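The following pair of complexes shares a single chain, subunit A, combined with subunit B in the former and subunit C in the latter.
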Partner chain A sequence: MENLEKSYIIEIGLKENLFDAFGNEILNSIKELGFDNFEKVFVYDVYNVYGDVSLQLVRQITKNILLDHVAHNAKIYKYNNKKDEKMPCVEVWYKKQVTDPVAMTAIKAIKDLGIKNDVKIRCGKKYVFSGNNIKKDMIRQISEKILANTLIHDYIIKGI
Partner chain B sequence: MARAEIIEICTGDDEKLLEISKKGLLSLTLDEMKRIQKYFLKIGRNPTDLELEMIAQTWSEHCFHKLFKSKIEFTEVNGQTAKPVTHIIPSMFSMIRQVTENLKKNWCVSVFKDNAGIINFDDTNCVCFKVETHNHPSALEPYGGAGTGIGGVIRDILGAGLGAKPILNTDVFCFGPLDFPHENLDPGIFHPKRLFKGVVSGVRDYGNRMGIPTANGAILFDPGYLYNILVYCGTVGIMPQWAVEKKVEPGHLIVVIGGKTGRDGIHGATFSSASLEKDIPTSVVQIGNPIIEKKVLDALMIARDRKLYSAITDCGAGGLSSAVGELAQHCGAEVHLENVPLKYQDLKPWEIWVSESQERMVLAVPSEKFDQLKKVLEDEDVEYACIGKFTSTKKIKIYHQNDIVGELDLRWLFQKTELPVQKAYYEERKMADIIPENINVEEVLLQLLADPVIASKEIVVRQYDHEVQSHTIVKPFSGIDGKGPSDAVVIAPVYGSYRGIVVACGINPWYGKVDPYLMAGCCIDEAMRNIVACGGDPEKTAVLDNFCWGKCDDPVELGKLVKCVQGCRDFALAYKVPFISGKDSLNNFYTKEDGSIVSIPGTLLISAISVIDDVRETTSSDLKESGNHIYILGETRRHLGGSRLLNLLNFEAGQCPVPEPELTLKIMKNLHRAIKQGLVKSCHDCSEGGMAVAISEMMIGSGYGTEIYLENVAERTDEPVVLLFSESQGRFIVEVDQAHIDKFEKIFKNLPCRRIGRVTPDFRLKIFYKGKNLLEIDGELMKKTWCGVLSW
Partner chain C sequence: MVKVLILRTGGTNCDLETEWACKLAGAKPSRIHISRITEGKVKLLDFDVLIIPGGFSYGDDLGAGKVLANELILKAKDEITLFREKKRPIIGICNGFQVLVKAGLLPFKDQYVASLVWNDSGRFEDRWVYLRVEQSISPFFKNLPEIIRFPVAHAEGKFVVKNDRVLKKIENNSQIVLRYVNAAGEIADYPYNPNGSIAGIAGICDEKGLIVGMMPHPERALLKIHEPDWHRNETDDVFSFGYQFFKNVIEYCS
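Coming up: the complex of A and B.
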């Protein structure tokens, strides 16, 4: 996706032993669409952090603002369009001109922590799929019919 | 920095004028463009883009309600006249207003002029109620659209008088069938299930985060809503009586508080006046941010009580243009757009002026109070900016960094003009009377309980916080395990006082397909029934109307709307309930790729609010004790037209219910007395699905069974199918214990009040007809069926 900024991605998901209600709901909707070959959906909150940031700062933001240590795990990596995903997945991001309230709140929280850097954030969701014989076109259909509204979202399919 | 553009209109011919309107997405008609041309020719210059945008917004159907204010040449063909009769109707709005004026209820404090209807609550407080629709935005982006729908109506309450505290949200949705096959779906629209989930999530997340209980509503499903869904959001607020009047004076500062301004929702006001088509710009979509609105709410309540501002209104459709324009209407204003806090810097002046970014309010602040107001806003972490002041020039002058980007005469802008006369045509539909024969009543009752329109909406309701603020007395569900549906919600909003309000609604588009006039009566009857069934006072009930209609420049569609408005007037007068607020959303139609047009079924939502002395004198719908007697109040007639039974059997026929206001009002007043005296153990109204469904729902809430003797239901025993499933209005099922039957029957002497059966200990529904066992169903099966229809 050309308008996603460089720098870092923070990926936050539920710990493995916890019941993922949202993932299950998405899986039900996928089955209602007629794709019975999908077995599980993992849902992550993703944050694209850019601007005046370092890895250390991103770690600080993750630890102090974005992460619920009891329920969540976080992964931080440098943004790379060609990152190898092991499983088929799709990222859904707000289009640039659309108001992103969660990002606004996160930026406010960063300022409240006393961080003076000009940090910018965009929020999105990442859905990782497992199942048999998953095709790119199926994920495209699922993205457009369930996960993304192309009026306000961009989506990128990866790992397939 | 971008400046205002001059739009050349003074020299344009008709074609050019229309092109300007179309290109700018202004939705202005040729007549309106000509009026604008005339104005600018007179003052000897061309308008700026900002001026044109402001005019388009002020005159838009959404903000000005042109159709409801227009004269209508109405031609009607009905059974009595046989020949078409034409007469002129002054306006639909005047018909609605007439009701409130004629009824002269002294507890109506402010009607049809402020952001919400305001009625008296107790010696020191008023309550206000407003219901809005957010149909187009929700169809395009269900989550954001529905969220900003509820956010918007909450701001209406914050902007009513000097601001009320929101205490209750209501929501009513209409969707296409949730099981509609994906492969048959038009590519331009979302599947009903996605819309359903998105809309419910949007209302849930916004309402819950605002800390306001969402505790009353309805959800309807019909193929007529496949292309255009309906999303009604309502809010009730409470305010001190001194805060009802607002006043703007020259010299007061114009202060905008809350969210920043961006490109969100540009052209919402003009866009909502157009039909839905496939290609829609991103900018019409708004995304809500309830956290900002919650902070605005908290700050406003403090500032109001310290009397730090003298007038307030919300930024809704039309943004600052509409909010400042309305406040300045009778005086004038000077605005400096460069002071408006922006989300990003590249906005053009006209975009700042008409943007519909959410969570903003506009205040009129006496200059000596500004420092104190600043302190409150800063303490509550609310962003604000002083963007100008009110003047006495009767003009609005808008600057952007020292340039004048707009100057309009407000008297001209808000001038009442001769609106074009609309043509409407209505022909009464003759429906064959039909009684379905050879149907298995047991099967049919179970099918009706599984009808998504009737089935439990618990999966939705439980997502809403209906307890927050801890004043919800009769909750959306009642009974031993909280599965029985309540007719209305009762809340006691003032801590330490038992005084309360009852809120309910009535909606039924299927009657409207048969007869829009009677539909209006049935909706009013249903809303009042729901109010009274819970303990509300029929004589202290006020109603709100919300019309959602299809393509209204089609005389036939408009004809149905006119009939519906006439019904509202006639029946509201007959039931003696005043309208205190209302809103219309027209042009709910979709233009398909092949050019064909799909209109929604004309839909009227009646929301009702009643003030009661004591919330302990209320009742719920679940049966309370085995051995108690069951009564039916009201007359059961052959009213199957538009019923769920005929919908289920796919018949479009029959007589739709004819309300009997005189009789029903008597029953309601007496029922209210009986509930107040504690004679009623449980009460439920008969609506969709008729008596059989009403009794089933009372059982489901309780775990008790019933034995019903059908021949006792009506004086002249009719066909059992009619007795079970007729949707005659004005009927209640009431449970009374042995000790109180004499007193109860005395209250209803000379009124249709019939003892039809008993509550039994075993969880089974048994219905007998003339000594024969007509129907017997296991309660658990009924409960499982009714509760298991909607899935998330």
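Coming up: the complex of A and C.
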């Protein structure tokens, strides 16, 4: 995961007033696995932006390409593999050697915007969990059985 | 003959049905890839109607319709602006509706005050729905009964607005063209409203009524035999509600 270092993360999530249907579906699947202690799942699209980028450029990409101003909130931060998270969560990313089709679309959209910098992107998902007595091993099981295909995905558990 | 440009790009998949619908309604449709327009090889203004059909443009990877919307606005904005100034219809069906909303063409010019997000069910909803034809400013919904049926096929069709003022303005301007209802014509929850759209909104138009976007697919409801229960309803009618919609659009331009 060395490419994720010294780069930016753009985190896009639904606004609080909108129902997170995708998160709700995942919660149902988690309960089917037998983990009734999970109460809510928040789902975010995460984009790791690196290469020839500045914070200003990342903001421009976020505002003009990735963000739906009516439905989404966005957060931008420097990537830190050991970043302390307030809640238990897992990030799921394509393995480095696997084609990332969403990233290819994002690069096309960046070029459409007239940006000539050599921007590189990796796309992933972040799942944040709330509930009682959540253990790291539970998230590992959920990641491997529901959220990630370990043949093509890496997952990083944080906040626990 | 009325010339219709049916816009294609990677992931468009309802262009052939839309082409057939336009032919059936008496127009001359052309399926044109977006790159032909952005490269200047095809002029949008040589056409009378622009239809953005259904599908999954660019895989809907960055949000449904978002990349195509950006491409249109960044690379063909002048042509789109002139097209609407000349009062030529722009129709967005399903993914096309998502494109029009995210391009700032609906519900109000250059205002990003609405969006289409994931269905409340969290699933792709693919089935026929009842729709109420609203008294709107759009001229494309005349000669239709109050309750009609079209199929829907989408995952991101929940119409949301920035705030209540936007919804009130759309309602007061009579910009709502279709609402999801039950068989009695009443606004109802899931499964009648397949996605959780606010106020049951299935389709809207702009402030002049000439740019129309809707999630349901009129091009899949052209003939009576397209209807799911056609064999149980004996009728001499050949055409269904979708045909009338396309006929209205073409007649408006004739």
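As a working rule, the second predicted complex is superposed on the first by the 156 of 160 C-alpha atoms of A that agree within 3 Å, B and C clash if a C-alpha of one lies under 4 Å from a C-alpha of the other, contacts with A are read in each partner's own complex, and residues count from 1 in each chain.
Throughout what follows, a residue touches a chain if its C-beta (ideal position, glycine included) is under 8 Å from a C-beta of that chain, and two chains touch if they have at least 3 such contacts.
Please read these numbers as outputs of a predicted model, since none were measured by experiment.
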Does subunit B (first) or subunit C (second) touch A:Glu25, or do both, or does neither? both
State whether A:Val49 touches subunit B only (first), subunit C only (second), both chains, or neither. neither
Let me test your reading of the model: by the given contact rule, A:Leu33 touches which partner, first (subunit B), second (subunit C), both or neither? first
Check whether A:Asn149 is in contact with subunit B, with subunit C, with both or with neither, and answer first, second, both or neither. first
A:Leu66 in the overlay: touching subunit B, subunit C, both, or neither? Say first, second, both or neither. second
According to the stated criteria, A:Thr105 is in contact with first (subunit B), second (subunit C), both, or neither; which is it? both
With the two structures laid over each other on chain A, which partner does A:Gln97 touch: subunit B (first), subunit C (second), both, or neither? first
Shared contact residues on subunit A, subunit B side and subunit C side combined as an intersection? 25, 101, 105
Touching subunit C in the complex: which residues of subunit A? 14, 18-19, 21-22, 24-25, 64-66, 68-71, 101-102, 105-106, 108-109, 112-114
Applying the document's contact rule, which stretches of subunit A touch subunit B when the two form their complex? 25, 28-29, 32-34, 94-95, 97-101, 104-105, 145-146, 149, 151-152
Which residues of subunit C touch subunit A in their complex? 58-59, 61-63, 66-67, 70-71, 74-75, 102, 112-115, 117-123, 160-162, 196
Residue ranges of subunit B in contact with subunit A within the complex: 140-141, 144, 182, 190-191, 193-194, 197, 262-264, 280, 282-283, 285-289, 291-292, 343, 357, 791-792
